[in-house]
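One chain, chain A, links the two complexes that follow: it is found with chain B in the first and with chain C in the second.
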Partner chain A sequence: MINAFLQLAQVGTGATLVQTLLKSFALGSVYVLIALGFVIIFKATQVLNFAAGALSMAGAMFMTILISDGGLPLLPFGNPLAPAEGETASVVLFFVNVLIALALAALLGLVIERLAIRPMVGQPLFAMAVITLGIEIAIRPFNLDATALEGRRLGVPWGASSWNWGDAVVPKSYIVAVIIAAIAGAGVLLFFRTKLGVAMRAVAFDQEAAMAQGINVGRVFAIAWAMGTALAALGAIVYGMAPFPPGGSVSQEIHPLLALRVLPVIVLGGLDSVAGAIYGGLIIATAEVFAGQYLSQWNSTLGSGYSTIVPYLVMLFMLLVKPYGLFGTPEIRRV
Partner chain B sequence: MSEPILEADGITLRFGGVTAIRDVSFHVNEGELFSIIGPNGAGKTSIFNTISQVYRPQEGDIRWKGASIMGHRPDFVAELGIARTFQNIELFPQMTVIENLLLGRHIRMKQNWFQGMLWFGVAKAEEMENRRQVEDIIDFLEIEEWRNHPVALLPYGIQKLVELGRALAMDPELLLLDEPVAGMNLEETEDMARFILDIRRELGISMVMVEHDMGLVMDIADRIMVLDFGEKISEGTPEEVQKDPNVIAAYLGSSDLHVAAE
Partner chain C sequence: MRRLKVFVALLLALSMLAAACGDDEDSSSGGDDGGSDTSDDSGDSGDSGDSGDSGDSGDSGGAEIATDFGVDAENKIIYVGINGDLTGPFASLVAEIVAAQEVYWEVFNGNGGYQGWTVEPVVLDSSYQTDIGIQNYETLAQESEDGVLMITENTGSPITAAIAEQAAEDNVLVIPLSWASLWPDPAFGSAILEKQTTYCVEAMNGVEWLYEKVQSEGLDPALAIIGRPGEYGEDGSVGAALAAEALGIPVVYDGTGAVAGDDRTAIISELVSSGATMVWVTLTPGELLDIFGNSVTQGLRAYWSGSSPSFNYLVHMPSDFAAEFSEYYFQSQYQAPWATPGIPGMEDIIAAMVEARPELNISDVFTTGWIEGIMAETLIRTAIDQGDLTRANMVAISQDPSFSVDFKGLSADQSWPQDYNEAVVRSSWIYDVDVSKFNLIPLADYTPENPGSTGLIPIEQDYIGSVAENFVFDGPCIETSG
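On to the complex of A and B.
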């Protein structure tokens, strides 16, 4: 029945629909993770982190270094949890390595916050935003040099394999992506109910007043940057699993631009809203994936790759209708 | 009056070549309402900022109950029990009155992150207890009707009260009030004066008040310190200060102070 309808509408079978939906959720999960990174840093510091692209890719690079090189450069010891030469890590070991990579990314976030952001507390937000842009430019070459010749492998144990649900082909990575994003999203939502989460909101509104309430603004900044960087890194790691990029690797064609693709997500959801990041990620990814799947018959008119501009069309529309986003905090002003 | 709870000893604060405060010493006794007055730019708010350690004075020492607080972070000072309000209101504008006051209770909360996330045990009991105390403060300041309004939408005078409420929510032992009645009309000023006196009488909180309204200062302050160009030119009871020729000279030909005080 559904198949007949879909065929009548010339949009393929039910299995195609299931696959497209799942792909939307999977891509949405990547967007959600990176958007959460943006949102946390914005919520605490009121700064849009333009370094998110380089930082997320750096996180994914940590992962490839841990797995493929079996240890970090400059350290006398290798990574005891790395798989042996030519072998793939077990699933458990893989996720342990993911956690280590996230810890390293968080550490990178802490260092950057301490060196470049903390001295700017109390300075104009614009200056701080430009500093994040500088960080992006400073870190990006390391990433690009490392991936100059070929993408670096993440060593995902399940590779590009998939399950078959009826006629639909379901890549395992997609399911993993959705589960990871669900856990991270729930964690962040709950985090803002803790004392520290509330302190973060207070710091975002008024740093001086927050200080007078006994909130350690520096600590809040540090934790926001550590969490934000780790979440962005997690997004980039997930995006390195096949079949997001067909080869299953971190490459310079896709990863540096990933954060840019998340911009429409946070504009749609609201820069300072965790729920907005989650809904925004899913909506944007669905629009993008469905456009790619179901408008393909008009490739000759639209040109190929038009699906990548769909998110920006949604963003443009949102800015016109509701500039604070779906769930963003509108600026309240007494008139 | 008993032992001083706050002592400032020869503090000097410089911004580059400008000396904002020069060798100023004073003390605040327990339960006392100590007022700092002086012309604009005399360094009154800078004194507040050195007490809360937002500014670090280059010289001198500030002691809280005998122990130096120099070099500590502002949030540490707040935790000691020194709460403050600001000259230009610094509330959390998008939050409601209740949320702003609850934030004042933030440092007194003991829940851990796990309890906070899942809302059980200490976190739940604590929230209820804090909410009760916040309601007491709201009753005390008579702002019941505004409790669920975002503060950005409230009238200026009410916002000043909310800020006072947030400072009270921190269970302070010393309250720093930076121009509590600036920009208020006569009626609002009288209300604020009543609240300040009530705070001292019912809650026994010591206060330091910076204020331009001479009538208010002369009426309710126990002791007054007068600053001019960052230097202390007089200190004493309202009567003593009003008769001090230095003070009269600083206030441009004298008559303002007397007229305002009458």
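On to the complex of A and C.
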């Protein structure tokens, strides 16, 4: 371990270290947003949402329809807040469109909850999880068709531009990602202090007792799905910003797999913990990015793509020492 | 329980509806485009490329023709197979290639076919997954009335490598949508009829062209090579390394096979710190976007090129790195892009596609589907002239050293000698990337004054570098990993 750190110190310049740290935080921010989506739905419904990948990409697709096509998803109307053809939106207009896209994603979450999840209340959780898998498969063709077999622009006003901090190159999108995740994380933490948030925690703790106290469990489910879908969509939109791999667009090749990469985050942090999603996202991304950056000279020994495996190694270790994750609620059963 | 059943039924119906929407192309459409004279022209390719058998075509008009599988002799219909990646990583390109080949057959059929014989394509989607590709092959190659005469497109090196041996056993001739250097090897791909150059030779040409570019700008040549694992990536990387060795270019980073998984931090890190002034890649479009974008963001200033289809204008032009691609990237290709002036074959493509698929956007890769059609038509005409439309005869014709195809300027004309060194096509094309010219219009809006542009402008047609020209091949550049 000491040798590894010594090696790190030798290999990395200060600028590289700054860039690596920022990339870790930025990727961690994406992971946090999507993980929060998983956690909120799991907290309220005890269901692991396997549809998160398709739902997050659908949200990002809504954004491209709003801003690149100047339209409204599934509706025959134009988007009055879209930039003029061939022009890029101002920063304010861009974020207004992001909010509209998130509202539409939340609406999609509500519809899915009402049609597919609510009728399953009282059924085995496994069946509900399989239903979410079915939703993932059903929505995927929409995403692939809507991309019209091509990359679709997100219309990010600052594009791939960067700041220079000394020798370090700092992409603007990385800073934006961190700010967005910080706001979203704080928002979710505050939400759980509201009446509705307390109701959600009560439902998560004991559904029947919550109902007995007059809490509308169905309403809690609906809000959880709306919030969870919107957060996942926000993660996909942020991940579309350059220089994240999709390079300023929604990618058929990259976006569908994003949610899968978040699974180690929620296992590490704990499936039902907001704090766990935040810490887990940052830890996993840091491990992944630092391993990729500083162990690259041993690529031939470690094998290509080794950094992709790092999150799963961390997850495996966590499962062995703390099966419920860093902040997960241990389930105690009488045997 | 009843509600659950209703929901499951609803979900199933929605899935089927979505799937239907995603694959609404009729894979066996008949031709009604008799108004176009394109087929007459393309039909000529058979004559010009024929080894002399075309002179007998009249003789066999009323004669009995030997057939086995994939031919409906009663109705004079020939079935050909397409095993394409319509939903995988290369779907954006392959869907357009398949559309062009379908239109090719529609025009051919609309003009009466050849001696009354028409061709119907059967299209299956492999998603670029080898297991599905093999299953599709088995479906197409079945020895029954549901089989096809030959496979006129098989997407991808891994799938082609996986079926090559079986195809030889089954006598099913396959035109690969892959340019691996394995295919011209008669010992390996006796039923694989490769088209155009190989990834290996393409890389030789591309690296030599980059070398000249770098030198012309007074930079020190230093090459980085990045390739994905498998036949496609390794072939391109080997060609690049061979060119570097021949030209004395130092290879400062070799990332052959290093691209795996979703995190490419290691590759980008090593590439940026390598001091490369020229980069050769053999990647998927998504991988290129990530590696190129992050490398440029981190300050790498080098000229890039790569095996086709590493660059895909559908993916890269809408990205936030389009300007950087315009500045630093040069696309390597095998053929003429959309609306290249002065090429007879391109005039055929434009006329046919505008009429038959006005709803599609213009595309550079229509050329690929068209070329596959020309190859298959030339083979079929020859077989009909010989009175033998059996699978074995299709393979035999392809192995005839005198058999050749005229691509009407779309790509270098080709023949298939049984000696590897003679069979390898040595030329490739180099395009400039220019986002300012990118004007992707629907075919319906095409006019000769406003033909649209994919932003790719040919700067070298049928370019042959000194390395590729003089290299003596004793076999493929790689061994199959399958």
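Here is the rule we go by: the second predicted complex is superposed on the first by the 316 of 335 C-alpha atoms of A that agree within 3 Å, B and C clash if a C-alpha of one lies under 4 Å from a C-alpha of the other, contacts with A are read in each partner's own complex, and residues count from 1 in each chain.
Basically, contacts are C-beta pairs under 8 Å (C-beta built on N, C-alpha and C of every residue); 3 or more make two chains touch, one makes a residue touch a chain.
Since this is a predicted model, take the numbers as computed values, not measurements.
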item	value
First, second, both or neither for A:247, with chain B first and chain C second	second
Touched partner set for A:198, first chain B, second chain C, both or neither	first
Partner chain in contact with A:308 - chain B first, chain C second, else both or neither	second
Of chain B and chain C, the chain that contacts the larger number of chain A residues	C
Which of chain B and chain C A:257 touches, first, second, both or neither	second
Contacts of A:213 with chain B and chain C, given as first, second, both or neither	first
Contacts of A:79 with chain B and chain C, given as first, second, both or neither	neither
Touched partner set for A:162, first chain B, second chain C, both or neither	second
Touching partner for A:141 - first (chain B), second (chain C), both, neither	second
On chain A, the residue positions that both chain B and chain C contact, one per complex	none
Residue ranges of chain C in contact with chain A within the complex	3-4, 7, 10-11, 14-15, 18-19, 21-22, 87, 89, 91-92, 95, 229, 257-267, 269-270, 284-286, 289-290, 293-294, 296-299, 314-316, 318-321, 324
Complex contacts: residues of chain B adjacent to chain A	52, 54, 73-76, 78-79, 83-84, 86, 90-95, 103-104, 106-107, 109, 111, 113, 116-119, 150, 152-154, 166-167, 170
Interfacial residue positions of chain A with respect to chain B in the complex	190-191, 193-199, 201-202, 205-206, 208-209, 211-218, 329, 332-334
Chain A - residues contacting chain C, complex	16, 19, 23, 115-116, 119-120, 123, 134-135, 137-138, 141-142, 144-145, 149-153, 156, 159-160, 162, 169, 171, 241-243, 245-249, 251-254, 257, 261, 288-289, 292-293, 295-297, 299, 303-309
